[in-house]
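Shared between the two complexes below is chain A, which has chain B as its partner in the first and chain C in the second.
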Partner chain A sequence: MLPNRGVHWLFAALAGVAMYFVALPEAHAVPSFSRKYHTSCQTCHTVYPVLNAFGEAFRRDGYRFPSTDGSVDSDVEKAPSVELGQDQYKKMFPMAVWPDKIAEAVPLSIWLNGGVAANLPGSAAADGAGNNFAWGGIAAEMHIFGAGSFSDNVTYMAQLTLETDFGDPPGSFDVETAYLLWNDILGPSHLVNLWVGRLFAPQLTSYGLHSSFLSDTVMPGVSVGGLYNATAGLTLGQGHTDGVELNGIAGHRFGYSLGWIGSTTAPGLSMPNSEDVYAHVGFKLGGLSLDGEGGGASTDTQRPWAETSLTFDVFGYHGLSRLDNGTGAVPNGTATPIQQDDRISAVGGLLHGQLGSLVLMAGLNFEHHDRPYPGSAATAGPNGTVFNGVPDLTSANAIVQYDEVDYIVWPWFVPGVRAEFTQTSVEGASNAQLMRIIPGIAMLARPNIKFVLSGDLEWANNLPVVGSWGPAGGMIAPNPGQSKFEAEQINATVGLAF
Partner chain B sequence: MTSSAHAFTRAFGKVLAPLAVACALAPCFSSPALADGGGSITGKVTAAPAKYLGESVVYLKNVAGNFGGGTATVDQKAMAFIPHVIAVTAGDTVKFGNSDTVSHNVFSPDNEGFNVGTFPPGETRTYKFTKPNVGYSELCSIHPEMLGYVFVGQNPYHAVVDGTGAFSLKNVPPGTYTVAIWNSKLHAAEQTVTVASGAPATANFALTR
Partner chain C sequence: MKPILTLIVPAAVVAVALLALEGACNKVGDCPASSDIKPGGSCEGDNLECPFTLQTPSLACDGTAVEGGLATSCICTNGAWVCPDPVSCEAGATDDGAVDGAVDGAVDGAVDGAGEAGGDDGATDDGGGDGAVESAAGDAEAGSGDGSTD
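Moving on to the complex of A and B:
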């Protein structure tokens, strides 16, 4: 049984606005590492935050330089450290504290980012914003990063985000990332690593969260649950989740991750038992090995980013999203939210290829939700009577497919085009589809100053249950059951890292 | 300790401090003098990473003769061992000083291990090194950030590599020797060098992991 769509227009509009701001590019180039190693952003990045092959290896190795000839990370560290115990104390353990170190200078860096959108006349984007252009959000966020190492195998990353105009509520701050990376805990280097804390992101592929030149994340930020229920919070593969991840690389080219992270819940509801688990395996053919230590580094002195490679990744995810099902009792006329646990199963994969300076990505996710819909709401009757709502046990499925082609013309100029397709499949109702085409150019004015210009062309057939494509990043609003194509926006995003 | 003892300690520390700096720049030995008239071995050391270059000692292995019996001094000042690296001969005694304003301890978990105990400013402790051709880290259990090294040669023909990587072994009797290098973290292969009287010989080392 489907809920009345009209009831959810307000939720849908709110979700759409929220998704617009969620989709703002976040900070993920970390000058703390530049300071630590006295090296340029371009050692690890092309147009940041996109990592080049070496940067991906650095990230996978737990924010450590790939080893050469038995070297350790501190061999290439140039910023001075304060030893909290010399290495020789390891011989004294357990009679002495296991030693480590901290950076002599506080290892902080700052990232400012934001963007402005020109809403094309007559588009749903213009209708929703009420204007065609407004100077808003160009400095939407400030991120403060702390990153570095405590030893040759223990590293850390933390990120505090201050939001100027947006957020929930506006002016809020959030510890988006704060985790400890305990690397090389068993066996050969990189085979078994334990990362604990507020993870940057669950690793569902071999690539970093921000491996797209034109979008914030390589895996689209689609809240499939949100397409069925405006209170759903899970967005597959996105970041900033508390938990623990075991990951590693075997034979330089085979990677894996196993994670257990916190489940999501709608505002006002109790936190459920953490039930989200995931696993991923990946294999890279050609190019620099996954850990950067198995050969394959580019020998092209003019184009050090260039390589010929193909990486296969598959993942599985099972989780729980606690929803407000709207069926609460109404004591004294005040609705009490009643929780509804929607269990999610998802599988997916990513193909990432590179042919010289040409970068190609293609990904596909299937997501199943066992009961994502809110039921009919409880209502208060006369004289204090209460009519309880009725839960909806309908299940739902979705397909998310995404592709991106980019060409690194120069290290500061990368044109590309991206496509994101989302289909919701609802029991007892017509499917709904959204296609977004995002052509654009990512540019560096300096190694630490970037601009991205992109367009947003949208086609949709039908509307999802909540009545808006906002949770899938779309703005187009066809009439129910009909198709529509529309050019929505031209976006300019800016970033400054120091 | 009495206040007069403290005053003495401070005064002694002021005297010792420049000495300690001097020791950092020149060997702090009172070893038996080496025979004049020999040759020399000089050379250059490179290290990858370069930051560990200064923690290197070039030495001759297994020279015939009886050596040792001298003394050397390592001070503790501003929470650091001075000099950071010292080379002595098996049989030498190292006198560990404390020119700081706080108590220190000197110990090493390396080789046979030793611990001269905790001692206040102005006092000294000694340890006689007998095991040849090995390095010892020096640690202070009260201040875990402190680190220094003592290299113990079998003979007095050893030299701490300077900041440019240069070293010089002087007054080496004519003969053929194995020249080796000790480093806190890096390694390089030994070399065979023939020394002729009055003629300089050369040995260069490239330290790596």
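Moving on to the complex of A and C:
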């Protein structure tokens, strides 16, 4: 049965608010790369942070402009810089420090993000929030970016984030991204690059972390481990992980990445050895090449974002998540974290296609967990003694599938619809399934002011082990063993970059 | 020179990476059958927790025993199983002392028991197990006294 009232609200709001934001007065904004190259956000983005084909090439090339006729990045750099040493020092090495440069102006930029949600009457979202609408969240995040280059092949990206419910403690600043990109280490340009630090994201596909118009990330923010145990830390393909990645592009259209990043741990437990590793390969047919240097650039001056292309990506991931299995917790009493190491194996792929202004994405991940289940609670004995509960060492499997269709009507107006499906095994019961349908519109009022209006329709069958679909981004709460369909929210998010 | 470096450098990077990755693997271990776990016996896995059935007097100290044993777990600590002690219903033990004594006793007992057994694997089933339990019980009592004076 369709929740007619919720759907009606959703589409009425989409249309109304869209028209309002188009009429905002003019504003100027120039984040770090815009300042460096003296170019508009639209050079690399459609509705930021989604990158167009050129922007993706710029990102894959290590935040450097794709070369044309043998040019190097500094040839297109407009912002003045300060040389740290003379070029002759290169010939004197190792008797001299290898020279580089820094931007004359501190290359900082700021992003402000926020959002509000209308929790539809009678929905689980309204029940959970205890209201239908609240302004809390309209100013939720502030990111300070620093990005630029030290030379034609060494670049950097850093991101300091203040988020009201993020950081340690929440509300404090957190270094969300900080890494050095050493590009073109060996062989032809773009073939071997080494990126080290707190990476923006492990590259499991050829596309950037925020390549969805309607969701924060292109790969759904589904913590499969979190569907079994609230202390699980890994969300596959999501950003800001510490480690090192070797990546590159061969023949302009074949890309790869090999990464070694930190494993995750629950609060109160020691950090395990970092054993998360991944490998990814991708190939792009048609359109602008992966590195932006192999031809295929759009010649349509009216629609420079448009191209006809198809990109295939596959990846494998092995990791470890250290959980607290709860066997040291006495009901209504003490709770000593008890370690349970959950090994994770995942494979997945993404198909990304573009037909002119029509953008299509379809992705599929399989995730296997060796020991994600919590155990039974501890028992209190006499004289304050505690007998740990019994661990549950059952394995589990999950499927995460996602699709998105968007149409770039104008460079500032992109309607689309996204679907996310999660299926997870439940010991002793039938599988639990969640489907989220997210229709919406991503808009730019100005190149640096964005607005996204989206809805959230959910269908679920059964509940996961943890008793909530929250770790999969869902809010719907069917009775165990039953299914339910419900319109949950209308979300409005805003962003400013300057 | 350059072609040689082009071969050697990537090979060295891959070799170092493989060595580092091999060393970085965590010793997760696998749980044996519950009946195969002997307190103080040897085990593999860093802090691996496995199901264990503890034969113990009733938690209510009513003079009976837990029928079929108490379902609990042992943790593989520094290569030996550390398991809970049976319930001690003796009067006079304070909370702190009982807990400290139990933990100390379990560890001491595990080491003592393994040593006394002296087998190739460090502990025969009987020697390791009994030694662990006996020593644990004895140390737990001593621990009670220590705890009460702290």
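Throughout what follows, the second predicted complex is superposed on the first by the 451 of 498 C-alpha atoms of A that agree within 3 Å, B and C clash if a C-alpha of one lies under 4 Å from a C-alpha of the other, contacts with A are read in each partner's own complex, and residues count from 1 in each chain.
In this text, a contact is a pair of C-beta atoms (placed from the backbone, for glycine too) under 8 Å apart; a residue touches a chain by one contact, two chains touch by 3 or more.
This is a predicted model, so every value here is computed, not measured.
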item: Of chain B and chain C, the chain that contacts the larger number of chain A residues; value: C
item: First, second, both or neither for A:G251, with chain B first and chain C second; value: neither
item: First, second, both or neither for A:G316, with chain B first and chain C second; value: neither
item: Partner chain(s) touched by A:G375 [first = chain B, second = chain C, both, neither]; value: second
item: Partner chain in contact with A:P439 - chain B first, chain C second, else both or neither; value: neither
item: Chain B versus chain C as contact partner of A:F387, first or second or both or neither; value: second
item: First (chain B), second (chain C), both or neither touched by A:G233; value: neither
item: Touched partner set for A:G85, first chain B, second chain C, both or neither; value: first
item: Which of chain B and chain C A:D69 touches, first, second, both or neither; value: first
item: Chain B-facing residues of chain A, complex; value: 69-72, 75-76, 82-86, 88-89, 91-92, 96-97, 99
item: Of all residues in chain B, those that touch chain A in their complex; value: 48-49, 108-110, 137, 139, 141, 144-147, 208-209
item: For the chain C and chain A complex, residues of the former touching the latter; value: 6, 9-10, 13, 17, 20-21, 23-26, 28, 31, 46-51, 54, 59-61, 70-73, 75, 84, 87-89, 93-96, 98-99, 102
item: Residues of chain A defined as touching chain C within the complex; value: 186-187, 192, 246, 260, 263, 272-275, 277, 320, 325, 327, 338-341, 343, 370, 375-376, 379-391, 393
